[in-house]
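Presented sequentially are two complexes of subunit A, the first with subunit B as partner and the second with subunit C.
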Partner chain A sequence: MLFAIQSLPFLWQGLLVTLHISVLIVFFALIAGTILGIGIVYGPGWLYWPIRLYSDFFRGIPLLVLIFFMYYGLPVFKVNLNNFAAVVLALTAFKTAHVIEVVRGAIQSIPKGQTEAAKSIGLTFGQRLLHVIVPQALRRFLPPWINAVVDTVKGSALVSLVGIVDLMLAIQQVIGRTYRPMPLYVLGAIMYFVINYTLSLASRRLEARFAYIRE
Partner chain B sequence: MSQPSALSPVVRVRGLKKSFGPNRVLDGIDLEVRKGEVVVVIGPSGSGKTTLLRCINLLESYDEGSVQVDGVEVGFREGPGGARHRRGDRELSKIRADIGMVFQLFNLFPHLTAQENVMLGLRKVRGLPAAEARQVAARWLTRVGLGDKLDSLPSQLSGGQQQRVGIARAVAMEPKVLLLDEITSALDPELVGEVLNVVQELARDGMTMIVVTHEMTFARDVATRIVFMDGGRIQVEGTPREVLAKTDHDRLKAFLARIEMKRH
Partner chain C sequence: MYHLNFGYVWTHFDKLSWGLLLSLELAFVSILIGMAIGLSLALAYTSGGKLVRGAVAGYVEFIRNVPLLLLVYLVFYGVPSVGGFAYDSTTSFIITLSVYAGAYMVEVFRAGLAAVPKGLTDAGKAIGLTAWQRVVSVRLPTMFRIVLPSLSNAYVSLFKDTSLASVIAVPELTYGAQWIKTNSFRVIETWAVVTPMYLVTGYALLFVLQRLERRFAIH
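== the complex of A and B ==
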C-alpha cells in the first residue's frame, strides 16, 4: 500500500492536468455551443444548415478519431499543433456539438406563447431572451449540460494516447514502474468518480433550485 | 403621449390579406376602430378572427393591405418611392409596446410573481425605476382584484386569477388599444364572470378594445360594435342591436343558432 501513497503527489499532478483540460474544454464549448445553439433556433435560414451539419458531423465520429486527426492528421495540411492544443481543439469541437443540441432543446421546450407574450409588451429580442426565455430554459439546460461536463472529464482520459500526462497516463506510468495495476486503477477510478459524483450532486441541487415551474 | 384626433381612428385596417400556404385566412379586411370603442369580433372557428387580431400587433405578418395603429403602419416602413421595408425588431418592439394583448392561454411568465409579470414591461420597455414599477403593478393588480396575490407565482393562481394578471400586465403599459383573444375560452365556466367583469370595467373607463369572443351575452353588453367574420371576410358589421337582430343573413343566423345551442 505504501507505494500507492507514495505515488499520490504524482497522480495529483495528473489530476490537475485532467482538470485543466476539462475546464478549458467546458468553457470554450459552452460559449461556442450557446452562440451556435441560439443561431440555429433564431438565426436566418442560411445559418441553419451549416450549424446543423457541424453538429451532426461532430457527434457522429468517435472522439479518438477526432483527437488523432487534430494531432497526426493536421500536419499534412501544414498545421502543426502541439499535443495539448490538439486535444483541447478536438474535444472542444466535439463538446460544442453537444452543447448546441442541449441549448436548442432547452430553448425549444419553452412554449411559443412565452415569446408572443414577451413581444406583446414590447420587449426586444435581447430582452426576450434575457428575461423570459433564458430563465426558463436554464432548468432544461442544466441536467443534460452537466452530463456533458461529466462526459468531458471522462473523455479527457483519451488525451493520454497522444502523450499528455493526465490522471490516466500518470496511473499507467506508476503501474509501469511497480507492476501493481490493481490498487492504482482503483485509486484512479475513485478520483474520477469523486469529481463526477460531485458534479452530479451539484446538478441535482441546481435542478431543485430551478423547480419553480410546476407542470 | 400623442392624442389622436377624434377623426383619425386608433386602428385602421385596409384590404388586409393573409394566407397560410394555399389557405387564404384573411381575404380583404377593412376595419376602423376609434378611441374608446369596443369592437367585438365574432364568427365560427377558422373564420380568421384570431389571425386578424394577431396581424394588428404583427405576431403574424400579412401579405397585402395595411394595418395602422395610431397612424403608424405596423408591418412596414415606407422607403423612398413608396417601397415597403419590413420593420426590424427594435422598431416593431416600440410599436408593440403601445398595443396590449391578452391571450387565450394567459401566457404568464411562470418564473415571475404576479407583480413581476406586470413590472417587466414597465421596467424594461417604459424604463420606470423599480420602486415606481412596483407601485404601478400593485395598483393594477389591486384593480383587477388581486391585491393580495402580488407575490404569488402563476402556478399558485387559478385560471381566472391568472387571466386577470394577464390583463393587468397588458393595461399597465397604457396601450392605445387592447387586443383580447378569446380570453375566457380556456377557463372553467364559473371563472368566466370574474374576468369579464374586469373587461367590462375597462370598457367603461374608455379603453379602446378589439375583442374576439364566443360569449354573446358579454358581446351584447360591452360592444359598441359587433363584427361578424366568416371565410376571412367581414360579413356583417353594426351595433349589437343591429347585428344580433339581423336574421336575414344566413351564415350569421346559423352561427348564432350554433352558439345558442352550445349554451343549453
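== the complex of A and C ==
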C-alpha cells in the first residue's frame, strides 16, 4: 500500500487539474447556457431554430468524438488550440447544450398565469424575469443543474485521452510506473466518488428543500 | 489551402459501417443485461430489508458517481490483474457497460414500480392473484409501460457511451474513425463522416423508440 500513499501528492495534482477544468466548463456553460436558454424560450422564431439545432446537435454526438474533433480537427481550419483550450472548448460546447435544456425546462415549468399576472400589474420584460420568473425557476433549475455539474466532473476524465494530466491520466501514469492497476483504479474511483457524491447529496438536499412547491 | 479528399474514408468505409453495427450491438446487449440487473435489484430494493437496500443503494451511487472511462479501465486492466484471468476487450466492455447501465436501470425501475397505482395491486388481490402473479401480471407490465420513455433515452445514451470502447481497442465506430484518421491524416473528412453517422443513428433510434412509446403509452 506504500506506493499508493506515495503517489497521493501526484494524484492530488491531477485532481486539481480535474477540478480546474470542471470549474471553467461549469462557469462558461452556465453563462452561455442561460443566455441561449432564455433566448430559446422568449426569443423570436429566427433565434429558436439555430439554438434548437445547436442543442440537439451537441447532445446527439458522443463527447469523445467532440473532444477528438476539437483537438485534431480544428487545426485544419487554421485554428491551433493547445490541448487544454481544445478540451475546455469541447466540453463547454457540450455542457452548454445541456444547460440550455435545463434552463428551458425550468422556465417552462412556471405556470403561464404568473407571467400574465406580472404583465397585468405592468411589469416590463426585465422586471418580470427578475422578480417573477427567475426566483421560481431557480428552484427547478438547481437540482438538474447540479446533476449536470456531476456529469461534467465525470466527463472531464476524457481529457486524459488528449494528454492532459488530470486525475485520470495521473492514475494511468502511476500505474505505468508501479504495474499495480487495481489499487490505483480503486483509489481514483474513491476520489471521483467523494467529489461527485457530495454534489449529488447537495442536489438531493435542494430537491427535498424545494419539494413543497406544487401547482 | 486545404483540399478535401474523402477517397481513403470511402475505401475503408466498411470499418465504419461494421463499427456502427458493433456500437449498436454493444449498447443493445448492455441494456438487456443492465435491465436484468436493474429489474432484479429494483424488486429486491422495494421488498428487501435494510441490508439489501443499503447494498443496492451503494452499488447505484458508486457507479453513478464515477467516470465511465475509469470503470472501463478498471474492468479491463484492473480486475484481470488481481483475478488472474483474462477476457477480450469486447467482453470486458460489455461487462462494464452492463454494470453501468444496471445502476441507471435500478433507478428507472424503482421509480416505475413506485408509480404503479396501488389500486391495481389491490384489484389483483381482490380477484385472488398470488403475490407472485401480482408481480408478473400486474406490476411489471404496468411498470414497463410507465418507464418506456426512460428506457429509450437510456438506450440512445448508451449508444453514445459505446464510443469509450475505442480506448481499449474494441473495433466500434469511434475506433474505426481513429484507425482511418491515423492511417490517412484525413481528420476532417473522417469526423465529417462519423459525426453524422452518430447523429442520424441516434435520432433515428429515438424516433422509432418514441413511436413505440406512443403505441404502448398509458392514457
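We adopt the following convention: the second predicted complex is superposed on the first by the 208 of 215 C-alpha atoms of A that agree within 3 Å, B and C clash if a C-alpha of one lies under 4 Å from a C-alpha of the other, contacts with A are read in each partner's own complex, and residues count from 1 in each chain.
Heads up, the rule we're going with is that a residue touches a chain if its C-beta (ideal position, glycine included) is under 8 Å from a C-beta of that chain, and two chains touch if they have at least 3 such contacts.
Since we're looking at a predicted model, the values are computed, not measured.
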Fit-or-clash call for subunit B and subunit C when the two complexes are aligned on subunit A: fit
Touching partner for A:Ile25 - first (subunit B), second (subunit C), both, neither: neither
Touching partner for A:Gly113 - first (subunit B), second (subunit C), both, neither: first
Subunit C versus subunit B, contacts on subunit A by residue: C
Touched partner set for A:Thr124, first subunit B, second subunit C, both or neither: first
Partner chain(s) touched by A:Leu142 [first = subunit B, second = subunit C, both, neither]: neither
Touched partner set for A:Ile100, first subunit B, second subunit C, both or neither: neither
First, second, both or neither for A:Met182, with subunit B first and subunit C second: second
Subunit B versus subunit C as contact partner of A:Lys154, first or second or both or neither: second
Lowest inter-chain C-alpha distance for subunit C and subunit B in the superposed arrangement, angstrom: 25
Where subunit A meets both subunit C and subunit B, residue numbers: none
Of all residues in subunit A, those that touch subunit B in their complex: 111, 113-114, 116-125, 127, 131-132, 135-136, 212-214
Touch list for subunit A against partner subunit C, complex: 56-57, 60-65, 68-69, 72-73, 75-77, 150, 153-158, 160-161, 168, 171-172, 175, 180-182, 185-186, 188-189, 192-193, 196-197, 200
Touching residues on subunit B, where the partner in the complex is subunit A: 57, 59, 89-90, 92-94, 96-101, 103, 105, 107-111, 120-121, 124-125, 153, 155, 169-170, 173
Residue ranges of subunit C touching subunit A (in the complex, touch as defined): 2, 61-62, 64-71, 73-74, 77-79, 81-82, 160-164, 166-167, 174, 177-178, 181, 187-188, 191, 194-195, 198-199, 202-203
